[in-house]
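Same chain, two partners: subunit A is paired with subunit B first, then with subunit C.
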Partner chain A sequence: MSVAALDRIAVRVPGWAVAVQLARHEGLRMVRHPILWVGGLLSLALFGLLTWQSAPVLHRDDVNVAGALLPFAAATLIVANLAASRAARNGTDELYNTAPASRALRTLSQLLALAFPVGVSLTVAGAMFVYMFIDAPVGTPRFAELAAGPVSVALLGAAGVTVGQWKPHPGLGPMAVVVIMAFEILLIQPVIGLAGTNAEFTQRIPWFALWIPLSLTSEVPSEIVIRPGGWHLLYLVGLAVVVAAVALARDGHRARLVPLLVAGAAAAVLGSIGQLTPASSAQRAALASLMVDPEHYQVCEVRLGVTYCAYPAYAPWIDRWAAPIEGALARIPPNSRPQRLVVRQRFGSYFEGPVDIPQSTIRELERDRRREERLGAWPPTFWTGTSWGRGETEGEYEVGLALWAAMEAVELPSNRRELVLTDAETEVIRGEMLQALPAKQRVQAEKGLRRGRSYYCTTLGQARGLAALWIAAQSTPETRGTVRRVASDTPFGVNFYEHEGQRFAYYEGPFMPLYPLVPPPMWDRVQFVDSEFHYAASLLDRPADEVAEVFAQRWDDVLQPTTSTAHVLDDLGLTPHPTIEDQVAALPDDVKVDRGTLRGGTTISDSIPCF
Partner chain B sequence: MLLDPMVSRGRQTLQLVRPTAKAMPWRPVIWAAALAVVYVWKEAPGAYIDYRVLVLRVAALLVCMGAAFVLDDATEDTISHVPSPLLLRRALRVALLLPLAAAIWLFLVNLAGDVAPRDGGPLPIGDVTLEAGTLLVTALAAACVGSRVTSDRLGGIVAAPILLAIVAAALFLPGNFKIIIPVGDPRWANVHNSWRIALAVALGIFVYVNRSPGAYRTISRIRAMRPESRPI
Partner chain C sequence: MSNVTVERVVKRYGSTKALNGVSFEAGSGITGLLGPNGAGKTTLLRILATVMAPTSGEVAILGRNPASPRDRLEIRRCLGYMPQEPGFHRNFTAFEFVDYVAILKEMTNRRVRHAEVMRVMQSVGLRDVEGRKIKALSGGMRRRVALAQALLGSPELLILDEPTAGLDPEQRLRFRETMSHLSEDRSIVLSTHQTEDVAALCPRVIVMNHGTALFSGTPRELADVARGAVWLSAERASEAYLSYRTGEGHYRNIGRAPANAELVDPTVEDGYLMLLGDEAFVEAA
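Let's turn to the complex of A and B:
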């Protein structure tokens, strides 16, 4: 070996060793920096905000993990920028030049030091996973989606070093963060702008951003979007390499950086091409088939006569769906329990974001949904989606399922066709039920009766409305909590608001807006009322067996649309609510009353009594 | 007699104007303003009202981050014994900054343009200006706080990350406590009352942290008034 070759080795080996040692120190300084800690906390807070109301789905929340790491990545940029600009800011460049490490090695060490924040980001992501695993997640996370988070940390860290090397000013790091975030917002705009359209070339433009949400409204199931996650990861890695090469180029050795720059640029370009390429027609057809023929893909399970069908990844959720239905069925007399109920999962037919399903398939699904809404389905089917609540919101989803089973049991209309009345039914409503309605609602109901049909019906004053609501409310501890919370948030009858120091009384009308407790097809059809809802909430304070016994004894009576709530109140041990007029009369003198709003509140178009 | 100290303080301030203006680091705010102008010019015109307000908010954030550096004064410790107090010196810097900041903001607002009433307009310029003003005072207060913990009293380096963290945290506030909301939100008026309170709080912090060391020791003075503290 020549002396020159030995010299080269002698210079290079210590150089690397120094860079690694410096990187170790710099990395430790970085991870101890308060800005990085604030970034980590913000990341955890963002992840909590994105997911705290949803049961974990790993093949959806992997996207959220990467997105939630963006504040941490931004903090890494600022910290790396401060590290890279430290010598120039403190005027110690010349002093450092006397050290064995060259300026290029110091830059290299700062880039290598980014391994520490990247490592911390993996820990933060791990904490997010622990949070998800607490609540029995379903699905499988995708490596490429998850890896995009830590790679973004490395990329923004490298950007911080680059800015610090080329323009060492402490203000430029935060400004770079704002500029990058502004670009992020700008690039993901088409996710909204092209809502409801099929995948096209322009629809892929958001993939130039660091992170791309499934949709900005979380209404798109991840199964029906083909995300080029692998290509995007390659694009990010390529960008990180290019940015790192630019940082190193500040200190000369530019010829040696050319291969690095070319490799990075090639990866970025290749990744860009890959992520801009729309999904193939075969891929879209496969997704369409998943939606059009769910029965070919789903796993089904029968429990207590109810069939539950879910896509394989969601099979563990059958337990979650069954709990409220079984809780409701247990309180219905055995002979009256609805038969052959089916709970089936589907991905929906309307999406607030781009999806990779052919437009013709979406139109076909929408037609099917409307037909079913009009004519009903046999056997009675409840369509669940790909979301389920977590914590406090789980009860809202459970109320929906339990109320559906209860509505089937008390024979409330299950489709629009059942809202078409026969002459005999119209007569009964006119003769016996109409007088019980508030004046404003009576006028609206008469309009519907003249036509012999309506889009909605109301359970106002009907005992079976109360029975259905109570059966749903008591079905699980979560539904009990939810119904109590909603009842206390929206007290019965006249309420108050304050404006400029003056108290005003208002009344929103007899209808209980159960959305978002109950899925659309149900609030679209049957309108429950606040008095029965509050009676049902009050019944939760009594032993459920006793209440169920009362309903069971008078079950045939309860099923009759003409049986009013007032008839069963005594047996249930409930005190009738005061009328709105009584409540108004009892108001303190300092409360102003808007007579217009108290007369009957809002009405739901021409809703007629349910028959 | 009573007016004498005020007159002499006024003269002192006038004498400080030129050297302070020369010593102030103007470049960060000018660069930030340039960046903000490019951003608003590219993004705001023709955009829908909410996006236009978002662009103005981001631009304000950029300008405020740059503006925080005008308080950087590496000689602060060296001149701490001079008769002009810290609050005066910093207030003078802020006073010199304000015309420039106002001009930049006016230009940005003008560049963003207004929105026609049929598209949800006009832009709530007054309220967005209140938000920008609050951000500016917060940035300046953060710079003053930062100057206590950084070397050479260069607090600007701390202000920008603090401002970013505050804005990021504000985005996560739960429903009833949100202070960054879209135009047309029914809570808009109430939320801007919160912005006014935030402005007052930031101003209070700015004044509090700029007390000259030893000049306003209220508690010590109260203690000194107690009988047992008095010399016999």
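Let's turn to the complex of A and C:
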């Protein structure tokens, strides 16, 4: 034997150094694989889908970050599986088996190589955070929730290596993904199926999945759900260790793997026990208190006479709430500005997902809130939730708040009780107000009047409806953009469509769609109408000071329910919308017009004019 | 001193005996294994490369016993192996593949390893295609990639299973040049169907058939097996084991020469054919 050969034998290279170099080689190949890129893009797209319409809330979106990484984790499984089965599939095993680096070392390196996709997942998660941080997030992310994403990537990657080692077939990776995802969907199904229930143990079963959403169907504030994120993380880490040990067991040395296997299994079992343990009654009581007595926990701030109260984590949102309200109040004559307005944050009381609030508390809350809807709150209160819009949808949220302030200013009903009419009010409505309505609506409104109440009232034909809509529409740049967009997207009046070569007329309206502009708290009170909405949108093209001046000069008159929109159009420089007859006359000759169109559409509402 | 010692090695696959008591020794320089398909050459080389263990018999490689895990590891540290069908990762570049094997050979310093990969790629004439994916390389180029990985680290023992298969004449000449340089300070055991390669490269040749070593000696000695049994004639000789017309227009015959035959000097190929042919005659008798 030559001296060189003897030297080579004498200078031993440690196994870990070989494993690290192999892992680097494998890892770089993994992160260059197109499937991993597709997974990363899908993850970013999913995160965008989950969050693009919501202002960032870090203690809610941390759950979304972990969930959005699932496609990336699935891609990692496939890529790791291809890497692990490569030697067997390509017939290089014979050659590799004659090298000093053992097969076990190669398997270990494939597991270590998962650090690369895990690193990429951290980068992807970082990109998600950047996306959140560019829009002033609130709250604090939870480490355990965030870490669940990258740990899931490691776990599924280890599963890919294990499958590749034991059954080297390229089709098994995608099959494993399908099985794991089916298992995931099956497990988180109770998040939908047990809507609003408090079945303590069944509610915890989904925690055996990789990722558990707050809710799949509606928003559940993360504040009222106790998530055993730390235990779940331990469970995932334990599973990853067990799966990795199974991969290594393929190459022998099984006795040496026993401690690893036992440690992993212990962590998984401990994590399972922890995540299955229901919230204690003390924890649940604390959450209930948070929900029932928000004023004990919230921070409040008074601005221009309006009180804003938010849970501490959401305090920065007071700026978001104040902007549209201040923009609206600025256009209301100082003496007519509503007093003692309150904007208060609270959690909803209906959840399509498990929460840790006792059912009795929720039932009690619902009773209180129904009573409040009927009687109204004093001082006038706008209840805002734990979500806020982002981008285009931010304008919608702002219109809602500004419209509420404007409605208070123009004295539109603020609760169900105000929709019950006195005899004197009924008489006034029967007079000139009913006559101002289109024939069809007049007939329907009379039905409501006979009962002396209605579910809704409508601002149809009332100048104050127009005033409220314009005040809300102009309050911020976002509200202006939103109102213009909605106005252009929702044509009203007589239009026509083509069907099988024939053209037919139809009437769009008269009521403005509640969503997206009118917030849920006002859905059961006032119906605004298309015509006033489009007048308000048109007024955005005029200098706001001039329009505000016109309303200010005639403010007392505008407040009167009997003052019609037509009465103020001239002063506002607006041209009345053509009558239905004129609109029909302007249609092309070949358009067929039915009687429903001529009557102003077939939409029926027995709402009475707001008084 | 012999670097490879094989004594009475038997290898069974079920009821089939792939090797049947093979014995030989190989020292420095090139030892060529000649033999028809199914002779047991690949099985023998796989045993020498520590891919598999013999059913019985003794093997010592570089003074170590491959049956011992510790020794086996040390042998692998001094071994370069080119399998008959090495298998490739088609999406690896030539460089990546050789680099990957280099890591498996415990070359952990990246800079040094890359320099070594470049060196072996250069030595097999693949520097200009190192960045090309293996799936885009010709069969001959792939064989050279397989050879390059075997040369990594200048191993003390090179085991090459049909290294010249698929190479064009120029590549074969270059291969011979490379091998002759390498053989100066190491042992090379290679199998081949090409008697010219053996004649040109190997100071020692072993002819195998049916799992046994029929011959062990120098190429000259192998050629001498046919001495007195190769002659030229104007017509095809019916008594010859093999008779073919040469480019010069006469027939070259191998077999039991008639008394008045015009004998010529035998080649390694003649000796090889005579060796296998003799056995055939015996079997026929």
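Here, the second predicted complex is superposed on the first by the 570 of 611 C-alpha atoms of A that agree within 3 Å, B and C clash if a C-alpha of one lies under 4 Å from a C-alpha of the other, contacts with A are read in each partner's own complex, and residues count from 1 in each chain.
Rule of thumb we're sticking to: contacts are C-beta pairs under 8 Å (C-beta built on N, C-alpha and C of every residue); 3 or more make two chains touch, one makes a residue touch a chain.
All of these numbers come straight from a predicted model, not from anything done at the bench.
Of the two partner chains placed around the shared chain by superposition, subunit B is the only one that A:A45 touches, whereas subunit C remains out of contact.
In the superposition on chain A, A:R32 makes contact with neither subunit B nor subunit C. Contacts of A:L22 after superposition on the shared chain: subunit C is touched, whereas subunit B is not.
Contacts of A:A74 after superposition: subunit B is touched, whereas subunit C is not reached.
Contacts of A:A182 after superposition on the shared chain: subunit B is touched, whereas subunit C is not.
In the superposition on chain A, contact of A:P170 is made with subunit B only, not with subunit C. Shared-chain residue A:N97: touches subunit C; no touch with subunit B.
In the overlay built on the shared chain, the residue A:R363 is in contact with neither subunit B nor subunit C. Judged by the document's definition of touching, subunit A residues 90 lie at the interface with subunit B and also at the interface with subunit C.
Touching subunit A in their complex are the following residues of subunit B: 28, 31-32, 35, 39, 43, 54, 58, 61-62, 65-66, 68-69, 151, 154, 156-157, 160-161, 163-165, 168-169, 172.
The touching residues of subunit C, when paired with subunit A in their complex, are 3, 46, 49-51, 62-63, 73-74, 76-79, 81, 83, 85-90, 96, 99-101, 103-106, 108, 110, 113, 146, 149, 153-156, 185-186. Interface of subunit A with subunit C (complex): residues 1-2, 4-5, 8-9, 13, 17-18, 20-22, 25, 86, 90-101, 106.
Contact residues of subunit A toward subunit B in the complex are 35, 38, 42, 45-46, 49, 71, 74-75, 78, 82, 89-90, 169-171, 173-175, 177-179, 181-182, 185-186.
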